[in-house]
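First the structure, then my questions, so here it is.
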Amino acid sequence: MTRNSFTPGVPRRALALPLAGIAAGALASPAIAQGAPLRLGLMLPFSGTFASLGENIAQAVELHLNERGGRMGGRPVQVIRLDDESNPANAVANVNRLLGRDRVEAVIGTVHSGVVMALVQASRERGVPLIIPNAGNAAATRELCAPTIFRTSFTNWQPAYGMGLALGRQGVKRAAWITWDYAAGNEAGEGFRDGLRASGGEVVRELKLPFPETNFQPLLAQIPGLNVEAVGSFFAGGGAVQFVREYAAAGLRDRVPLCGSGFLTEGTLAAQGAAAEGIRTALHYGDGLDTPKNRAFRSGFRERTNRDADVYAVQGYDAAQLLGIGLDATRGDPTAEQPLARAMRAARIDSPRGAFTLSPSHNPVQTIYLREARGGLNQVIGVAAEALADPGTGCRMA
Amino acid sequence: MDFPGLAAQLLNGVQHGLLLFLISSGLTLIFGVMGVINLAHGSLFMLGAYLAFVVTGMGAPLWLALPAAMLGGALLGAVLERGLFRRFYTRDHLDQVLLTFALILLFEEARSLLLGNDFHSVPVPALLDFSIPVTEGFAYSAYRFAVLAVCILVAGLMFLGLERTRLGSAVRAAAEKPEMVQLLGLDARRIHLVVFALGTALAMLAGALAAPLLSVYPNMGDGFLIISFVVVVVGGVGSVAGAFWGALLIGLVDTLGKAYLPEVAGLSIYVLMAGVLLWRPAGLFARGA
Amino acid sequence: MIVAGRRGHLLMALAAVAIACLPLVASNYHLQLASTALVAAIFALSLQLLVGAGGMVSLGHAAFFGIGAYAVHLLPPGLSVLLTLPAAAGLAGAAALLVGAMALRTRGFFFLMTTLAFGQMLFFVFHDTPLGGGKDGVFVTRPALELLGFVIDVPRRDRPAMLLWLNLGLLVAVYALLAALMGTLFGHALRGIRANEDRMRALGYDTGRIKLVAFVLAGALAGIAGHAQAMADAFVNPEMLAWHHGAEALLMILLGGLGALHGPILGAFAFVGLGEASTLITERQRLVEGLVILAVVLALPRGLAGLGR
Amino acid sequence: MNALEAEGLTRRFGGLTAVADVSLSLALGELHAVIGPNGAGKSTLVNLLAGELRPSAGRIRLGAEDITAWPVFRRARAGIGRSFQRTNLLREATVFENARLAAQAAVFAPRRWLRAAARDAEPIERAGLALDRVGLAARAALPAGSLSHGEMRLLEIAMALATRPAVLLLDEPLAGLGPEEGERVAALLRGLARDHAVLLVEHDMDVVFAVADVLTVMVDGRVLERGPPSAIRASAAVRDAYLGHAA
């Protein structure tokens, strides 16, 4: 592993400059005196397209903090919010701000998979514990995995794998896959293909358009000629709204059923209206999960925010739970890398989605539910995949 | 390549191209007459789309949003011309670029303050909320046909207006040879005002028309701004006819590229532009080239 | 375009010494901030060669910055900076040669539109094709800091100081290069083209070739700035190529004053400083940026450098 | 040998023929004036010779070389200097800088691009000589934009001179000048013709007849008459077509 080195893998005479005395010790290890507040950074989008996701995650983190009396590992927790606007162009600068200027000791963040890369890098280089409460790009828990990086959400691969698996079990042999041509869409496509193949089907065609374009017509017009029994897809947010409506308007909905990763219908059902009715999706959360933990969480969240909890809130809540477990084990010391990682890796999170553990690459091993859009809800109608782990390909923990 | 599929793709390409024409015709006229490039032209498209979102959100039908976008656009264009652009015709290019860049930022910020940053869909008018089968197994929404019709109507009216009216021929003369305005003793200030208002109105109309097709979302104008530049470069600056044929060409190349050569689709229009620059740097349809 | 006289150069040398001494007093965070400004200054200077000296307002310049940064990703990891830096400049320069050969067939605003479109094309190449590693960007391994066979290895906490000095050195070198260039026959010809291209052609200058050489050089220098950015962040992403990034460099030029070679350096520091200060007041960065531009183009057309006159 | 020779030059703009089948030769030491009413095609002819326009038909030779297809800058480098009908200067630069840029053009080969301009003595000297010759040496340090109209016309000529041309194309150098300044330029023209081949397009008939060795009269793009001033003055056709309504 090459982190903490300015000159990775160059086997020459090394010349260490005696800079230590010159540079002001801005990042000297924090005083962990019992009682000094722990500075917890929440780097999330509080403005921009994903602002509502960021707000729900932050509220859920604070909800759990309140449940714990505002302390983790015996130290009071001071939450520092930083708005990353989901803007990857400013990601590095924002991370520097949070770690350099605000001197946070642990970070929960973020939603956008590009912005999270800067956090992943900072965590790898500086050893700051990072818990990812949404961004699902596989790399963070595959080739870029690190002892200090954890995720409480999903990899893009996971829900799509569940969807593919469920589709094959229904007897679908030929399916098409349609998505934006970017990492998330392609990782989901991989999952869909793997899942479908595992249950005896095949993806015969992948249709892609550049992110974030919404001119779906050139792709939709090809579907009738493909002779497929189902179409799987990965779209999110506004693109998902537009896509589902155009799919119906093109007269395809009744001929070739549409399904996909859960984000196709997550938080978008009201806008999609009748066009979404009956669409099946797979995700690690859904409406109508009747467990005591979920009921308690939802009522607590509602009380705090006057809104209904969603999958993002669940992910944020679990991120706080996971960090709490780790800090309790190190008595509030976020720099104790090894014990912290051991405790979090071994944790069993009692999540509103159902209990889950973490895989060796620090990603949830979780149930993927099969849901159907009915009357504005993503009703859970069964289990698509039980205790599904991301393959974690390429992860070598240092 | 199956033929019915191709028919649907051609329809898509023409519809996409006509929408591009509405945006780029204003851009090319403003550039031709005043010599100013308005980088905020894409943001005006975005404003038109959000206007449609607001109008339909209040329960009014979409067809009310179209004249509202035209009128609002003309008014906004007039205000911008009088208040800002007029002072910048003789300024350095750099100043003009940054002025219009600032407008992009401010329009986006105003949109964010007033309407938030969410992606919103805009309903298709109830009257047109059905689909017409165009090929076996593929239907085309009636609204898309309506957009086609409106674009053709507007393009026709524009050509008529430019060819048949006094003001139109003055604008045409000004776009092809700006010094003609003075030679012919025309009122340059009035022509500038009219052209700017018209260009803005067209961009906002395009936005309102496109809103049900694209949904509305932040920065939606950016992509359209750049593709309009490509249209103008390919078609030839200052020529409305050039913008028309250029837009159709780009619309078709873009759509067919996405359908049949998806790996390189993102680059196809730029390759086309590079070819035009090598072959006819003044644009394919420029006069006297 | 004015190149500062002896007193101006003395002032700038003093400023450079002051920046070099920053690690004695400033926190690592502020060192990183200063580094950001230095890299921005190199980028804006490279654009000044086109805008201020040659009169070519390009909106696609960020593409060359991005290519310089992505060079670090495209090259095999672990190479010496003495290899990667020239390679970054070379790649960016080669891209500029291709774009310039097309775009320089046009002039004025036509040129501006064409550079914007080609810049956006390069943006798409890195955003949407496997070459760039995706829209989310990729991590890169920092090139080895190797001089005269010695590998300079600094502990992580001293890295900001090291990078600050490195970027300062680059900026000084780029500035000196351009200042010297402005005094050559080539520099004179370039300035003549900005003032009156037709006349220059009638005098016997091959203006197309001169502009192309300037375009390639500016592209290569932007590539150096991009390389410096990649070196600092160990991370590259397609937004580095986005035209908004290029427009920000234009803003730095305008802020600093179009007329002087040192203007973009002032402008870059003002831009980064304003950006940092405004985060303390408001989350709405775009509002601040937009209003600053409006204020400058309406009230300060000569930039900050014009304030003193 | 003729320095510059044009054969059957024709230039059409759409349906309009601005220059029709014009042949013409300039010799070193000779001042060749082209006159004719407005719209006769004189400026188009200059632009064809300088390379700003491509001929629709015809050939142009400089010495022994066919330069018909050469771009403007290549002709300028080969020895064709010109002044413009509408003053065309680098207005923000000083008078001296204008002249020096012109002088540098002659030595501007790629291998000398990186030469420090301040150390290149030859162009500096030549710029000074050119300014001397037109009488602007005292104005050298002023911005070109601050000169009087007459001085700008002189600077135009100085710039053309500084490129060390064999052929000078002067497009209405007296336009807009008062009688006194006109006299100064006329004297200059006579001197220039001694060591250059000069083509002069000019409206001021008194000056033209005083300085020209050969006159070509153009009407509607065609050559109507050619000869020494005395012959032109005597030509009935010229009087009818041109001098008649000019007088």
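Labels for the chains are A, B, C and D, by order of writing; each one numbers its residues from 1.
By definition in this document, contacts are C-beta pairs under 8 Å (C-beta built on N, C-alpha and C of every residue); 3 or more make two chains touch, one makes a residue touch a chain.
Everything numeric here is computed off the predicted structure, so don't read it as measured data.
> When I count C-beta pairs in contact, which pair ends up with more: B-C or A-C?
Answer to which pair has more contacts is A-C.
> Roughly how far is chain B from chain C, going centre to centre by Cα mean, in whole Å?
Spacing between the chain centres: roughly 33 Å.
> Just curious, how far off is chain D from chain A if you go by their C-alpha centres, in Å?
It comes to 74 Å between the two C-alpha centres.
> Centre to centre, by mean C-alpha position, how many angstrom separate chain A and chain C?
Using C-alpha averages as centres, the distance is 35 Å.
> Based only on mean CA positions, could you tell me how far chain A sits from chain B in angstrom?
38
> Of all the residues in chain C, which ones touch at least 2 other chains?
Residue numbers touching two or more other chains: 124, 128, 284.
> For chain B, which residues are shared contacts with two or more other chains?
In chain B, residues 112, 266 touch at least two other chains, as defined above.
> Quick one: which residues in chain A touch 2 or more of the other chains?
47, 181, 210
> What's the complete list of touching chain pairs for this entry?
A-B, A-C, B-C, C-D
> For the complex, which residues does chain B have touching chain A?
Residues 2, 4-5, 8-9, 12, 16, 112, 116-121, 124, 131, 133, 135-141, 214-215, 217-218, 223, 255-256, 258-259, 262, 265-266 of chain B touch chain A in their complex.
> Show which residues of chain D lie in contact with chain C when the two form their complex.
50, 52, 71-74, 76-77, 82, 84, 88-93, 100-102, 104-108, 112-118, 120, 159, 163
> Within their complex, state which residues of chain C touch chain B.
Against chain B, the touching part of chain C is residues 51, 57, 59, 102-103, 105-106, 108-110, 112-114, 116-118, 120-121, 124-125, 128-129, 243, 247, 250-251, 253-254, 258, 284, 286-287, 289-291, 293-294, 296-297, 301.
> Chain D touches which residues of chain C in the complex?
Spelled out, the residues of chain C in touch with chain D are 180-181, 183-189, 191-192, 195-196, 198-207, 213.
> Enumerate the contact residues on chain A facing chain B in the complex.
Listed in rising order, the residues of chain A that touch chain B are 47-49, 51-52, 181, 207-210, 212-215, 217-225, 237-239, 241-242, 245-246, 249-252, 255, 271-272.
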